[in-house]
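Below: the structure, in structure tokens.
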Amino acid sequence: MLENKFPGKDITIDDIKTKFPLVAKNNPNHFSKFKVNGVEFGGKKIPIFAGPNMVESKELILDCAKNIKKIGGHFLRGGAFKPLTFPYRSKKYTETREEGIKWLKNAKLKTDLPVVTEIMEERYLELICKTADILQIGSRNMQNYPLITACAKTKKPILLKRHYGASLRDWLGAAEYILCEGNNKVILCERGVSVPHTHRNTSRFLLDLQVVPAAKEITHLPIAVDPSHATFWRPWVEPMTLAAIASGADAIMLEVHPDPENSAVDPLQPINFKAFKNLMNKMDKVAKILGRTVK
Amino acid sequence: MLENKFPGKDITIDDIKTKFPLVAKNNPNHFSKFKVNGVEFGGKKIPIFAGPNMVESKELILDCAKNIKKIGGHFLRGGAFKPLTFPYRSKKYTETREEGIKWLKNAKLKTDLPVVTEIMEERYLELICKTADILQIGSRNMQNYPLITACAKTKKPILLKRHYGASLRDWLGAAEYILCEGNNKVILCERGVSVPHTHRNTSRFLLDLQVVPAAKEITHLPIAVDPSHATFWRPWVEPMTLAAIASGADAIMLEVHPDPENSAVDPLQPINFKAFKNLMNKMDKVAKILGRTVK
Amino acid sequence: MLENKFPGKDITIDDIKTKFPLVAKNNPNHFSKFKVNGVEFGGKKIPIFAGPNMVESKELILDCAKNIKKIGGHFLRGGAFKPLTFPYRSKKYTETREEGIKWLKNAKLKTDLPVVTEIMEERYLELICKTADILQIGSRNMQNYPLITACAKTKKPILLKRHYGASLRDWLGAAEYILCEGNNKVILCERGVSVPHTHRNTSRFLLDLQVVPAAKEITHLPIAVDPSHATFWRPWVEPMTLAAIASGADAIMLEVHPDPENSAVDPLQPINFKAFKNLMNKMDKVAKILGRTVK
Amino acid sequence: MLENKFPGKDITIDDIKTKFPLVAKNNPNHFSKFKVNGVEFGGKKIPIFAGPNMVESKELILDCAKNIKKIGGHFLRGGAFKPLTFPYRSKKYTETREEGIKWLKNAKLKTDLPVVTEIMEERYLELICKTADILQIGSRNMQNYPLITACAKTKKPILLKRHYGASLRDWLGAAEYILCEGNNKVILCERGVSVPHTHRNTSRFLLDLQVVPAAKEITHLPIAVDPSHATFWRPWVEPMTLAAIASGADAIMLEVHPDPENSAVDPLQPINFKAFKNLMNKMDKVAKILGRTVK
């Protein structure tokens, strides 16, 4: 019967073999680990991405880089191209764009901390590739196949954020678009999904940690978790970060800001350097129980 | 308190006035209607978009155009650029791309039926604009702001499909990106949202008809409904189409194919010409109860 | 493989045959219609349930009954046992319980309008059965099997509201509990489901009209729709009611109150008598297009 | 404006103070801990509930009790009253009801392990209270207020499972029904919620760990997590259990069975004694990082 060909919402073993052969676990070209600037993904070590939501200024991003490096973070994160849900900018919130990328480069050069930053348009690919060690595909662009294909072709490692409405099947399909260009360096990143109930009127997403063991069951790709964006609420970041490590996450992305309440964007979610340092210690302890390490 | 600035998931009156001023109902530049190739949107008439999911061949699309024209449809729909969830093509399913656009143009010239087709990449904008009367932004690209801004600048009317995980707030924010470029000709299009339960193992979305009165309460933009894609199941297309009209939809998009079961893509959802003709009659009758008309 | 025995979230043909044999369409004991007080369900006529959320006073419910009867409604609805989400009563909101049931009986005797009212506890079954023509199982009790079994045994017709988180499979399973007691008079009632996005900060549910054709495809049970409770917003009641009729609903339940803004509970959702009369006319017109009738 | 009185889907500080005063954190009668059979809830120790889904036989439940006791579990769990989603029993699956309760009592007497078991009907309250140390309200009955009120009056501690579609607000409202009867011994229990995507075709729920910090922010009630039922998939139980501990859970409920694949019900989810022992050790290590303990 015709309809039996449509197995429904959830990924199946048959799907994986025929439609997602390269992301599939145990495929002939299966790899288990890869390195970015000497930091291994998919191995014993759990790399930590930390930094502000937005590259607000040259000073701020340098300050972040120095402190994150000192505390032991492995990658500096920060966005320069970050449009809002509506097209207008506020007095406080302005994308820093090309200039932001320069400031990020300066911070990288001064601290030797590798950088991950979001790419929103192919026209900025060359510019961003000169600074970024990992290209971040934001959740809104998870299925923007022309953009992810262009990124894949640069052979730069790619951090592929999950769309807030995407199934695991949709997400792995997008990853397959990258791998089929010959680029195997893909890190999946869970950042919260839309659900009927989110517990606070400030929150919009639920961190889906069940997707961590679910993904690891069928794909060899490492999976990162971003608890800051998902919870949108500072007090929940620590418990959900530790839970992410315990669930088996291969990397963690955190918003860290010197003065969280005055962050130019989403001030309810970043943690400060002191909280980050404290959290690094706790993450490392949880990781060790699983035979892994953060530091 | 800082957190009071974050009003949560749902759009509010305050949001609309400050962040979505151009899409807001009763704003100073409020317009109520606009025409595309002589067909009015937002008026008494409810335009019908019909055609195959994909422009499979020159003959098929011409056959569709002739029949849809004869039956009384107002626009020919059909995709030439249509990537799947994964990057591989099947023997049956191949995007027809530039050639498909040519076939669409041929069908348009032969029948004088205006055309709506999806644009996935800015690089094809010039090509597609030569054929398309309305540019369709697919649900995956709803928040691809560079793409929708480039489309907006052409001044072509735009059909903005809702992402399957998007709130009304996200969706209207994307529309505001178009209007702030000076392009007022935007048609919203509901096509099913991801929900916990979808009733059949072949179905993945739920048609959200409550969004029709919800949108009409706060925006002056016309709202279309696509029951074919949402239901993914032929027997449900007729009842949900009539329900869409009854809920106040301003336009309807339908998948119509001469031989639905042998459609190159999604064969469970298209209806044939005969069913389309029958449905046109019923839609017209429901529309008339609301003081509107389809034919 | 063991896991193949668990077909997932959605009801399947195999499920229906083996686990839900009595609710299944075309089963050997399939019936298509049944009558309650002379009003047929599952036939050409679409019965309308109307009345206040709560039986607030003897006068109010009598006033409602008289007006609803005059306008052409077929059943008087009203709750006497209606606990809130938390255990406290407000000055305005108090359950009227045994007294409310008496007032309902008085209204029924004076107008000859049959009555549907909710049963929350087995201990009130005898009392309520003396007045009610149809027993309503509220959404919170949809899977309270001891209660629904006790109700089933009385042989009274049962209106089974869907839980806001229930799949079609869960819902039909609950209906099967009634039919297996030898009681075939079950009316399913959709009243809104929890979803990620609901469009207004006052609203909590989305009316699922796709479940109407979905249910009719696999079960012979008539399906009612309650747009008042689902939308929780007066201006959306009319469009969603007409959409419900157009989608194939077999009955409609509406909150009607002489002074909606001063309703003791949920004042944003009831419509007044004038709006009800107007809506009856429109419903009848939509029904006629489907070969059915409301009046 | 009338509609401002309806603050929407999520619980607010104002809600808590006025509508949920007894479950609210820092209320005048706030308590932080309580003991059941010498085991403290809400303190440093994290109690573990373990046992089979169903009390299948006298031997099986005694075997479970002995092994769980030896390994260090604090409570024996097991259901005797467990109706399925549909009313029929299979050859393998039969509720053991009164007899099951007797077998549970025997296991308790032989091992001195306190017992938690589900109560579905008030008529069995006296019987079950003679054996149970904690009464479990199942998710289907979370808003069955007459049942939970009757249970509350016995002064027995109550484990209140969250409905799979319930918001935190709905859930705390149900808990308030218990506390307002003068019974403060309530343990909340998260067991998975319905969401758009669940990753496997066998799974139906997503474990919501974000609700753990969310609940602890506004209520003083301890919160347990049941990863077995939520994941419905053995390989995910360990990672999600450790994640639950890391997120701050105050208790854990696990399905443990001597021969999981031959479990009479839900054979995909229980773990065996060996896996349970291994998990106890890991849970204890994670708990210690948070200054707590399992053993």
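Letters are used for the chains, namely A, B, C and D, taken in the order the chains are written, and counting of residues starts over at 1 for each.
Keep this in mind: contacts are C-beta pairs under 8 Å (C-beta built on N, C-alpha and C of every residue); 3 or more make two chains touch, one makes a residue touch a chain.
Given the structure is predicted, the values throughout are model-derived calculations rather than measurements.
Asks: Quick check: more C-beta contact pairs at A-D or at A-B?
Replies: Higher C-beta contact count between the two pairs: A-D.
Asks: Using each chain's Cα centroid, which is most distant from the centroid of subunit B?
Replies: Farthest by centroid: D.
Asks: Rounded to the nearest whole Å, what is the centre-to-centre distance of subunit A and subunit B, using the mean of the C-alpha atoms as each centre?
Replies: Their C-alpha centroids are separated by 32 Å.
Asks: Centroid of subunit B to centroid of subunit D, CA atoms only: how many Å?
Replies: 46
Asks: Which subunit A residues sit where two or more other chains touch them?
Replies: In subunit A, 7-10, 165-167, 193-198, 201, 203 touch at least two other chains.
Asks: Would you tell me which residues of subunit B are touching subunit D in their complex?
Replies: That would be residues 8-10, 165, 194-197 of subunit B.
Asks: Per the contact definition, I'd like the list of subunit C residues that touch subunit D in the complex.
Replies: Touch residues, subunit C against subunit D: 2-3, 6-9, 19-20, 83-88, 120-121, 123, 140-141, 143-147, 163-167, 169-170, 173, 176-177, 180, 193-194, 196, 198, 201-204, 232, 261, 267-268.
Asks: Enumerate the contact residues on subunit D facing subunit A in the complex.
Replies: 7-12, 165-168, 193-201, 203, 206-215, 217, 230-231, 235-236, 239-240, 242-248, 282, 285-286, 289-290
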